[in-house]
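Next come two complexes built around chain A: one with chain B, the other with chain C.
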Partner chain A sequence: MAMLEVNNITVSYGNDPAVRNFSMTLEEGKICSLVGESGSGKTTVIRAIFGLLPGGGKVTAGDIYFEGNHLLTYDKKQWRKIRGTEMSMIFQDTGAMMNPTRKVGAAYAEYIRTHEKISGAEAARKGIAMLERMRLPSGDNVMQSYPFQLSGGMRQRVGIAMGMTYQPKLLLADEPTSALDVTTQAQIVRQMMELKENYGTSIILVTHNLGIAAYMADHIIVMKDGVIEDQGDRNHILYHSENAYTHKLLDAVPSIGGTRYV
Partner chain B sequence: MFDEKDVILDARHITKRFPASKGRQLTACNDVNLKFYKGKTLGLVGESGCGKTTFMRLLVSLDTPDEGEILYRGVDISKLKGEKLRQNRQNIQMVFQDPATCFNPKMKIRDILCEPLLNFDRIRKSEKSAKARELLEMVELPGDFEDRYMHNMSGGQRQRVGIARALALEPEIIVMDEATSALDVSVQKTIIELITRLQREKGITIGFICHDLGLIQSFSHQVAVMYLGNIVEVMPGEGIGEQCRHPYSQALLASVFDIRMDFTKKIESIESEIPSPLDMPKGCPFSDRCGKCMNVCKKERPLLKETAPGHEVACWLYE
Partner chain C sequence: MGMKKHNFFMTHKVFCIFGILAILLILMAVFAPVVTGGVDPTTGNLRDALLPPGPEHIFGTDKMGRDIFARVIYGARVSLVAAFSVVGISFGIGSLLGVISGYFRGAVDAVIMRLADMMLSFPGLVLAMAVAGILGAAIHNAVLAVAVVTWPKYARLARSLVLKIRDRDYVAAAVTTGSKHGYMLVRYMLPNALPTLIITAATDIGSLMLELAALSFLGFGAVPPTPEWGLMLSEGRAYMQSAPWLMIFPGLAILVTVIIFNMLGDGLRDILDPRQEG
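Up next, the complex of A and B:
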């Protein structure tokens, strides 16, 4: 059985389904990318997998299996056990996720101590080690900073370090590079590829950047208005797809040496 | 390709400093020289914090430079004051990154569009509705939208309103600050098509700030690359993939994920963070991140030098 299996789920906020009949499977050490425009339901899907649908959101049909366990039957306690250890999530802007009035170190140590019973000093050491593994120089300094004192790329690395602390099998990344400059974006992409290579982490990557999706993903799912419009590997999506919407999306991507309007 | 007599806006030796803590100074723009040509687009690329927005804000007189002059048709607009400054605003207008936050949410689209026209007595109040419809149709929106509010529109529609408002006064120059980065790619494409069409029809000069090289090369006549307040390269917009010569421009280019790229290649990007503009390297601003750094780079700042027609590079490699 695949590590993650999503069978025909429908997710609704109130009465309106935001995602309909969505299915996917993900094997260990693979990267799957969800692409599509805003409002196409990409984020809703990964939030459903993570059990973190915002207020009123509910999976009304279908099942989600993670390592053979039926996730939709999980209660709060069971969720708390697997979130952060078995699967974790990185958000678009880690800075916005963290408490702005607390230092990174305090937030990180708290995060570690909710998962294991260790002393604050040990948790801090563990955090620093993890930050350094994620190529953040002087982890010490980072732990002593407030989120706003770090650059966007550094904040995002803190988010990745936090998510990877327990080497989860599945990493859900919600537009992890959209708020970053191209150079920083390339650094973060490289880092995520290293996670896959070094730790065998499977990643579901939500992005609207088709270039990044094509570069990173083994499988690409194109979504539109809450349904899967097209899917396949890079070759299929970029060169052999016959889907009109996929073509429209690809056409719209500005490309060096591509269409010029002047 | 560019004719000196078509220069419409000429920024000469612009320097802008901001006071920072402990009596230090942050140089946001350092001796920037750029020319805008009639009916052409100048794209300005660079990472966040490199001074792109500061420079464009100086152009639209939202701030004044500490040194240098900005000549609009021969008149230095950076020294204008009072009524003259106000009148000059009709010539240069701006489109902002997020149209949802730069307009008053309690105003109807009609009032947003006609406010500048009323301010300059270009129309009477009774003509508002007709003018608003005309402007909306210009940006390919239904005229009925005049009764809507900003929050009733999608991101792409809002940006169209932003463009319509900037064009309401029929300025010769518009400055667009990351005007498409909040939009989906397909919407971005339609906005770019709209801008280029309007440019052709009205001969508007555009200054476009962006950090996406792929996007900027698709519609710019001229591309300037900025790094830590310095312009490091100015080149024609066509074929920047092969043409760019400055190590920083090449690094920017190498960081772009393109659907036409070679997917087997390793991503090469500059690993380090941008140094703080408060303690700039003494020589070339890029020297401490540059893979080709030589001795001279650490000592002296290279100046822009023409290497080909319309192509200037500030790098010791090409001296």
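Up next, the complex of A and C:
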């Protein structure tokens, strides 16, 4: 059985299905990318997998299995146990997920201490080590900062560090680079690739940037209006797809001097 | 660190100057017996009644022959304690109820806010007069009366500040990860509202002092022979033309104190909330 299996799910907000008949499987150490325009249901899919559908959202049909466990039957307590340890999520804007009145270090140490019984000092040390492993120089400085004192790229890396603290098997990344400039994007992308190579982390990457998807993913799923429009490996999507919408998306990738870097 | 401390005075001149003045004022009230040289503000000699300011009594004396200087200095005790109590009570109750109201919303919110609306629907001083009138004239009743009409302001402010962040992602994240209500209130809601509330409280001290003086002036606050500035103004009103010093000095005391605390509040706002500067 694959690590993650999503079988034919339909997700509805109220009575309107936002995602219909969505299926995917993900093996260990693989990266799958969901691409599509805004409102195509990409985020809804990974939020359903993470059990974090916003108010009123519900999986009305289908099943989600993670390591053989039926996730849709999980209660709040069970969810809390696997979130952050077995699977974690990186959001588009990690800064929005942090309490602006608390220092990064306080939030990070608290996060660590909800998952294991260690002292505050040990938790802080663990946090700093993790930040430095995510290429954040002077981790103790970052820990002593408020979120607004860090740049967007640094905050995003803090988010990745937090998400990777317990080396989860599955990392869900919801447009982790779209709030960043191109240089920082490249660094974050490289870092996520390292996660896969060094820790064998599987990643589901939601993006509207087909370039990033093509660079990172083993498997690409193109979504439109809540359904899967096209899917396949990088080679298929980039060069052999017959799907009109995939072609449109490919044409939408910006080019520099007539050369397209996809 | 030493460098930083040196710069603090230079960058926050207003706050520092008026902070020092406010501390002096408080020290003056605390050490009133020393400042007045042991003169009792409540006993006088009728032979010395209505003396103009002179070397013996630098602010003059009132109709009972009491030393105005001593009464003004001791009056600072009453006025400062009363004003700080009002601010403390309304700040505490208002912030607490406001934060609870904004966080829980629904029925709790409706009840607290309708209560606040009831208080706000009366002109403040009139309601305070009614409350003080029912409770009887005394300075602590005046404090209670003003606090009753002031807390809704803090409650509404705290509520709006909490509502602003209530639906933010990081609040949802904290709830999802299992934070309890008490923790959410203390760690998330209150710290977000506190700076603005403190600024409001600091700038309120002056105007609340005025309101308390007004109540005393109207006879709903301090009772004779308490030395209180509003009451002194009221007592001196009959002698305004023949002995203007009866009103000039307590009036000046109120003016100076209110200005000091207003400027201090402004200075504090510039430090805590630089967005509104200039």
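Quick note on the criterion: the second predicted complex is superposed on the first by the 256 of 262 C-alpha atoms of A that agree within 3 Å, B and C clash if a C-alpha of one lies under 4 Å from a C-alpha of the other, contacts with A are read in each partner's own complex, and residues count from 1 in each chain.
We adopt the following convention: a contact is a pair of C-beta atoms (placed from the backbone, for glycine too) under 8 Å apart; a residue touches a chain by one contact, two chains touch by 3 or more.
Since we're looking at a predicted model, the values are computed, not measured.
S.K.: After the overlay on chain A, what do you see for chain B versus chain C, clash or fit?
M.R.: Once both complexes are aligned on chain A, chain B and chain C fit side by side.
S.K.: So if I put the vertex at the Cα centre of chain A, how wide is the angle out to the Cα centres of chain B and chain C? Nearest 10 degrees is fine.
M.R.: Angle at the centre of chain A: 70 degrees.
S.K.: Given the touch rule stated above, what does A:15 touch, chain B (first), chain C (second), both, or neither?
M.R.: neither
S.K.: After superposing on the shared chain, does chain C or chain B touch more chain A residues?
M.R.: B
S.K.: Of the two partner chains, chain B (first) and chain C (second), which one does A:73 touch, if any: first, second, both, or neither?
M.R.: Touch status of A:73: no partner.
S.K.: First (chain B), second (chain C), both or neither: which does A:181 touch?
M.R.: The first partner, chain B, only.
S.K.: In whole Å, how close do chain B and chain C get at the C-alpha level once superposed?
M.R.: It comes out at 8 Å between the closest C-alpha atoms.
S.K.: Under the touch definition given earlier, write down the residues of chain C that touch chain A in their complex.
M.R.: 168-170, 173-174, 176-178, 187-188, 191-192
S.K.: How about chain B: which of its residues touch chain A in the complex?
M.R.: 41, 47-48, 155, 184-189, 192-193, 196, 199, 211-215, 217-221, 237-241, 251-261, 263, 267-271, 273-274
S.K.: Which positions of chain A touch chain C when the two form their complex?
M.R.: Contacts found on chain A: 52, 76, 80, 83-84, 91, 93, 96-102, 111, 114.
S.K.: Hey, which residues of chain A end up touching chain B in the complex?
M.R.: 37-38, 135, 151-154, 181-187, 189-190, 193, 208-212, 214-215, 234, 238, 248-262
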